[in-house]
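Labels A, B, C, D and E are assigned to the chains in the order they are written; within every chain, residues are numbered from 1.
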Amino acid sequence: MEVLIAQIFNGLSLGSIYVLLVTGFNLLLLVAMIIHFSFPVVVVFSMYVSWAVMTATGMVPLGILAGILSAIAVNVVTAPMFQHIMKKRGSVDINATMVISMGMGMIITDILSHTFNQGFPIAFPDALTGNDKGALISTRLISISRGQVLTLIIGVIFVLFLFWLLYKTRAGRAFRAIAEDPNGAKLVGIPLLKTGLQSYALTGILGGVTAVLMAVLLGSASAGLGDQLGHKVLAVSIIAGLGNLKGGLIIGLLLGVLEAVIQGYLAGSWSNAIAFIIMLIVILAKPKGVFGSSL
Amino acid sequence: MLSIKGVSKHFGGLKALKDVSFNIEDGRIHGIIGPNGSGKTTMFNCITGLLEVTAGNIYLDDKEITGKPAHEISNLGIRRTFQQGKLVPSMTVVENVMSGIFDFKIRDIPDTFFRKPFADSKIESKLREDSLEILAMLGLEKSADRWASDLVWAERQFVQIARAVVSKPKILLLDEPAAGMGPIETQEVGELIKKIKEMGISPVVVSHDMKMLMNIAETVTVLNFGDNIFEGTPEEVQKDPRVLEAYLGAE
Amino acid sequence: MSLPLYYFLAIAAIYILMSWSIYIPYRVGQLHFMTVANMAISAYFAALMAINFSWPFWLVLIAGTLLGALIGFLVSLAIGDAPCFAVVIVGFTFIYLTKTIIENVEAFGGPLGIFSIPKVMQTSSSNRVFLLITAYALVLLTGYLIKRFDRSRLGRAASAIFIDRDLAVSFGVDVKKMGMFLQSWASAVGGMSGVLYAFIMQSISPNHFTFHIVGICMTMLFVGGYSTIWGALLAAPILWGFPLILPEVLQSWNIVIYGVLLIVVLVIKPEGIITRPMIKKLESILLRKKKLV
Amino acid sequence: DQEVSDTESTGVVATEWEIPFLNCLTGPIASIGEYLQWGAEYAAEQINAAGGISGVPVKIVRVDTGMSPEKGTVEMSKLVADALVVMGPVPEPVIMAAVPIAVDEGLYSFTATTSFEYAAEYFPWAISWFSPTDEKLPPIVTAWAEKVEAKKVVQFVENYGAWPGMARAHVIGLEKAGVTVLEDVEVPTDAVSLGPLIVKALAQNPDAIVFSCNAEKVAKIIIELKNRGWEDMNKMLVFSSADDAALYTTGGDKINGVMIYNYNDPNLDTDRWNDFRQAFKDDHEGIEPFSLSPNYYDAVYMIKRAIEETGVTGDPKKLAEERILIRDFCNDVKNFEGLQYDWSNKGGYPADKPLFLFEIQGGEKVLIAKIIPE
Amino acid sequence: MAQNDPILKIKNLSVAYGQVKALTDISIEVLKGEIVVLVGANGAGKTSIMETVLGANVPVSGTIEFKGKSIGGVPVDKNVRNGMYLVPEGRGVFSSMTVMDNLLLGAHHNLKNADSKLELVFDSFPVLGNRKSQVAGTLSGGERQMLAIGRALMSSPEMILVDEPSIGLAPIIVNDIFEILVNLNKEGYSILLSEQNVYKALKIAHRGYILETGKMTKHGTADELLNDPAVREAYLGA
């Protein structure tokens, strides 16, 4: 029983990473119609920037700030590129944004793998991870750290906040309108550039915060981390229903727990395959996602 | 030929069609009118199988087609055009028209796959001829090799009609073929529909253009809020007070 | 023939086939990464049959292709008309599943892989000539079939499905059957490439069939242009070839160059370098010349 | 003038020994490739400064294959026409794709980084730097288990390359020491969070732990175990393949006290080693030499000795026979003066290379035991 | 501003799309409180005029003044803030968003009065009131057109540009919409309308301009145009 509880807590903490990443992914889908399946790679990039600044200056807050700013910068630079392609392509083919996202993923992963720290994994200082302070709760098997609690809470808050922002506010409506039809949005008087930049910056902030939380939670990162997460994030979003923020929250946590339980009770090397098979069954039964797509 | 018996269609709480019945006779032009949102497009979607009916039955030549998959219904000889003017932009006009004939059988495999790579097969050549013929009938033969993405609105509608007609269906459902057209083009559409009738196809026309519709239609069904409120000749329709109120407004 | 040229051409053939295997279902808008799993499965099948049961090459090739088709067909029963995203997930699932199974089953060589897949011909050089001719014969055959498909009712129906399913259905196209056909076909091409790959490389391991193949083939398809078969046909050899001749200073940036190329092409020309109108124009010029002669 | 006469006396016609190195210099493990390259190039530099091989300078030609087996085939096939001998290729997928080509054309390759299992497939055309796993590893594991008095052990195993084979060798060693092996916990290659695996391991109540998985994961698991109150750091044993920079950059001082075994002793005090160590540190911002770097350093010297002792001339006409001369020499080289110690090869692998057990302290390895197989 | 001042003044406007000349030398005036109709066949350039006035197209030459100030180069959103609003041709609604969201988008620059405006819209188009949370993509063709007009009302503009509102609408609804336009006009809105339903449009308009392939061929008061034999033949089918 203790094992099960411990695994559920482990799963929730993995799940909260999925939740944050899926939320960022969905947000890009909602405000820019981009299927950015390398979004986790961009997040890992921000982790690296944050680490580089932390090790260079020795100041953790500065590192956090740099991480968030870099995420904003990457988004604000790249999202218009996606949009440009979408505009030329018409609205038929958002699947193809996956391809350009893949290109970005290739570039970033490769840069990470031979510039920062000579390509070796990076480790974040205790001042950020709080590892030296020990766990909040700790029995023989169950262990809950500050980072885990923080990530989960912030994950949930972000989902609720974004839901409110997108569906209940003036800015959110404008974001969604631009995503669906930039030209039409322009004709009804939404300032494209300004609103677009705002929405990309928002995604950037989310990405940056995710990067910092992942640094706290995982304590280290490697160049391949983003790719490892990419497929799962895409899968979670599809299963929950593309663009469904609440669905992403629930399915993200569920997948985390599912994976933890598979790894804990069945063979570890099968966990990916089993997790994907379960997701496959769900997606075949409900092609539009469990909670419905909000596109 | 096509009989609609007690068809209802509900979207959640919204009743888009309520127990609608009418018949479409062979060799006549059948008009459907009704205010916006009265369920005309929904009716078409139900007939062609794109939507499942909530209740009721649809028969083609006394054979029930309710619940059949949409592509089968289409192959039984019911074709349609779309209100939004859907074309495949990456194909030329003539290819768009040719795509109206699908009807692929196993025995077509040799002809399709085992011929010279850069030439048309026998069936293809025939299809192309047929399509060019239809385009000529519409006066669009000069546009045959233009890309569909370059067409203007009125041309898109004509190409849509050509694509539906080329397969020689029994029934052709036209959803607002004259929407967004000027009086002259609208008149052309009217003429075209008459020609289509002469080809042995029974056109069913949804249109808000009363003048055109009343000119060509032989029977008119009037829908209002999903109810079939009237059916008769154009003259009768124009006299009926309920229709006048619902559709034309008291003028 | 020189050895490097042989390997360049032989592997180019595989990339062409694999890019086409993604092109085929993308005709109806489905990104069917399943074919990479088919490639792995048939490569392993080929290796095991050739080593353990001494099956002749032709038998292995046909059986491996059919195996791909069969798996593709069975899967397509469930996802023939599924939306693109569901199909993507199915592809990922099968890639993970295949990799996990071959890594964990000792009979498949486990994580070490399988070595010394036999030659088809007695001597190395005749073996190479034979494999190269076979590979390009298969490229020709596949290209020919795709070309015929594109120029037929089936091809137009597929284009219609790509734009709007309801539209295609209104012509009487069975969307599911079409999807099943294309997916099975693509999986067969994937399987065929796998068999060729096994015999060309002579040893295989789980690490040969990872997502990098998905990435490379998608890059080739989308840089070349996804609206005709010519895009992948031209882009595959070029994209695969140019890192081989890059100067040493740029070598270590070749993946970045790939990525940048992909993005630049998509930004400037979203349909890829070679588009349908271009090919049509070219064909009409060539045909007109013929007529004049 | 001196050199010219030297050349004449040995009959060497080559003006430069070009030794291609098929290495992985791009992608996620590019940095490791760079360390190997450094070892080879440092050896070449030393050799050239001392007058070259048979009086002719040597040059290491960089050939990058990335992780791509396909690229490996083309690069290798470019070399088979006129290379005398080839270093690499690395890593495993490229070895599998490219070495068969070399074998086919009678070209000897130093795939020397990886375990015996890969090179053995291509014997006598490829050489391994390690002896058969089952033979060599068990004794050092036994020694560790007896030293730390382990009773019940859990092993973390990743299903990659030769690692499961090493894990099996560990079990043999553990059983020899009378230890109960409770369970092998499988570590997924792309695991992001390791909590579930750790809980699974701890639930067995082990008193010691053995690792056969990627260096970064080893470090993360150790940190996590420590966070959960694991105190006997000695009772954790890390296998040689994890002895790369990722272990130390990720683990920091949280892995102090953990034991690790490997084939090199960084604290050896010989002039040659000290020089190598210093040069490496100078070129790499002060970090300790990567444990596999000496392999390719040794490889270049082994090639030097083979050329000089067998009288290879570099004459293109005699290429095929000279390749075989080198092959046969290296496969059974006797008393080779390696960077760290002398050893002899037997059938394409070192028969008597020692193995060391260390304790990690502040990023350094402190020698605990040394085992020389018979 | 006095009643008879021009609210919109277009002078010698020319617009081109690459090589295609869409408009040449067009001059149009809309006085405050007027309904002005643009009449012309498909492709005559009606939409081009509207979009250029709004600021979505850059003219080749010519000047545009709105409320006495030149608005050359002013972006769309500034013009909208300034009291101009376009009801785009065809499906200008956002189909993935709900009816309510679409309407509120209209009030993007003016959310404070949204509630009272909503009431007005739902009074004018009761259907929209019943479909508040339906996504616009599933609306019928006509309902979408109503939504587009409703959205324009939400922005409390001084001048509305209405591009072919009668496309796909039942006669009764066309009448309704024209009635709404007239009512709006009476409340002080100036309206620039483009229509192919020439008869009905001229019936409600004060003045009209006739366009043929990018050139202005005729203009005058609505009555003059209605009685002009050439116009009658070309556009009224008489």
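In this section, a contact is a pair of C-beta atoms (placed from the backbone, for glycine too) under 8 Å apart; a residue touches a chain by one contact, two chains touch by 3 or more.
Treat the numbers as computed from the prediction; the structure is a model and nothing was measured.
Novice: What are the mutual neighbours of chain A and chain B in this structure?
Specialist: C, E
Novice: Report back the single chain whose CA centre is most distant from the CA centre of chain C.
Specialist: E
Novice: If you take the mean of the Cα atoms for each chain, which one ends up farthest from chain A?
Specialist: Checked the centroid distances; the maximum from chain A is B.
Novice: In angstrom, rounded to a whole number, how far apart do the mean CA points of chain A and chain C lie?
Specialist: Each chain reduced to its C-alpha mean, chain A and chain C end up 31 Å apart.
Novice: Could you give the separation in Å between the centres of chain A and chain E, each centre being the mean of its C-alpha atoms?
Specialist: Roughly 44 Å, centre to centre.
Novice: Where the centres are mean C-alpha positions, what is the separation of chain D from chain E, in Å?
Specialist: One centre to the other, that is 77 Å.
Novice: Take the average of all CA coordinates in chain C, do the same for chain D, and state the distance between these two points in whole angstrom.
Specialist: Chain centroid spacing, chain C to chain D, equals 36 Å.
Novice: Which residues belonging to chain D are in contact with no fewer than two other chains?
Specialist: In chain D, the residues touching two or more other chains are 26-27, 30, 159.
Novice: By residue number and range, which residues of chain C touch two or more other chains?
Specialist: 103-104, 162-163, 252-253, 255
Novice: With touch defined as at the top, which chains are paired up in contact here?
Specialist: Here the touching pairs of chains are A-C, A-D, A-E, B-C, B-E, C-D.
Novice: Taking the complex as given, what residues does chain C use to touch chain D?
Specialist: Residue list for chain C touching chain D: 2-4, 6-8, 11, 103-104, 110-113, 115-116, 124, 200-205, 207-208, 212, 240, 243-244, 248, 251-255.
Novice: Chain C touches which residues of chain B in the complex?
Specialist: 48-50, 69-72, 74-75, 79-80, 82, 86, 88-92, 95, 98-104, 108, 112-115, 117-118, 120-121, 123-124, 127, 147, 163-164, 167
Novice: Across the complex, what residues on chain C touch chain A?
Specialist: 29, 31, 78-79, 82-86, 88-90, 92-93, 96-97, 99-101, 103-104, 162-163, 211, 215, 218-219, 222, 226, 252-253, 255-256, 258-260, 262-263, 266-267, 270-271
Novice: Can you list the residues on chain A that touch chain E in the complex?
Specialist: 170, 173-174, 176-177, 180-181, 184-191, 294-295
Novice: Which residues of chain A touch chain C in their complex?
Specialist: Listed in rising order, the residues are 81, 84-85, 88-89, 92-93, 95-96, 98-100, 102-107, 109-111, 114, 227, 231, 234-235, 238-239, 242, 267, 269-270, 272-273, 276-277, 279-280, 283-284, 287-288.
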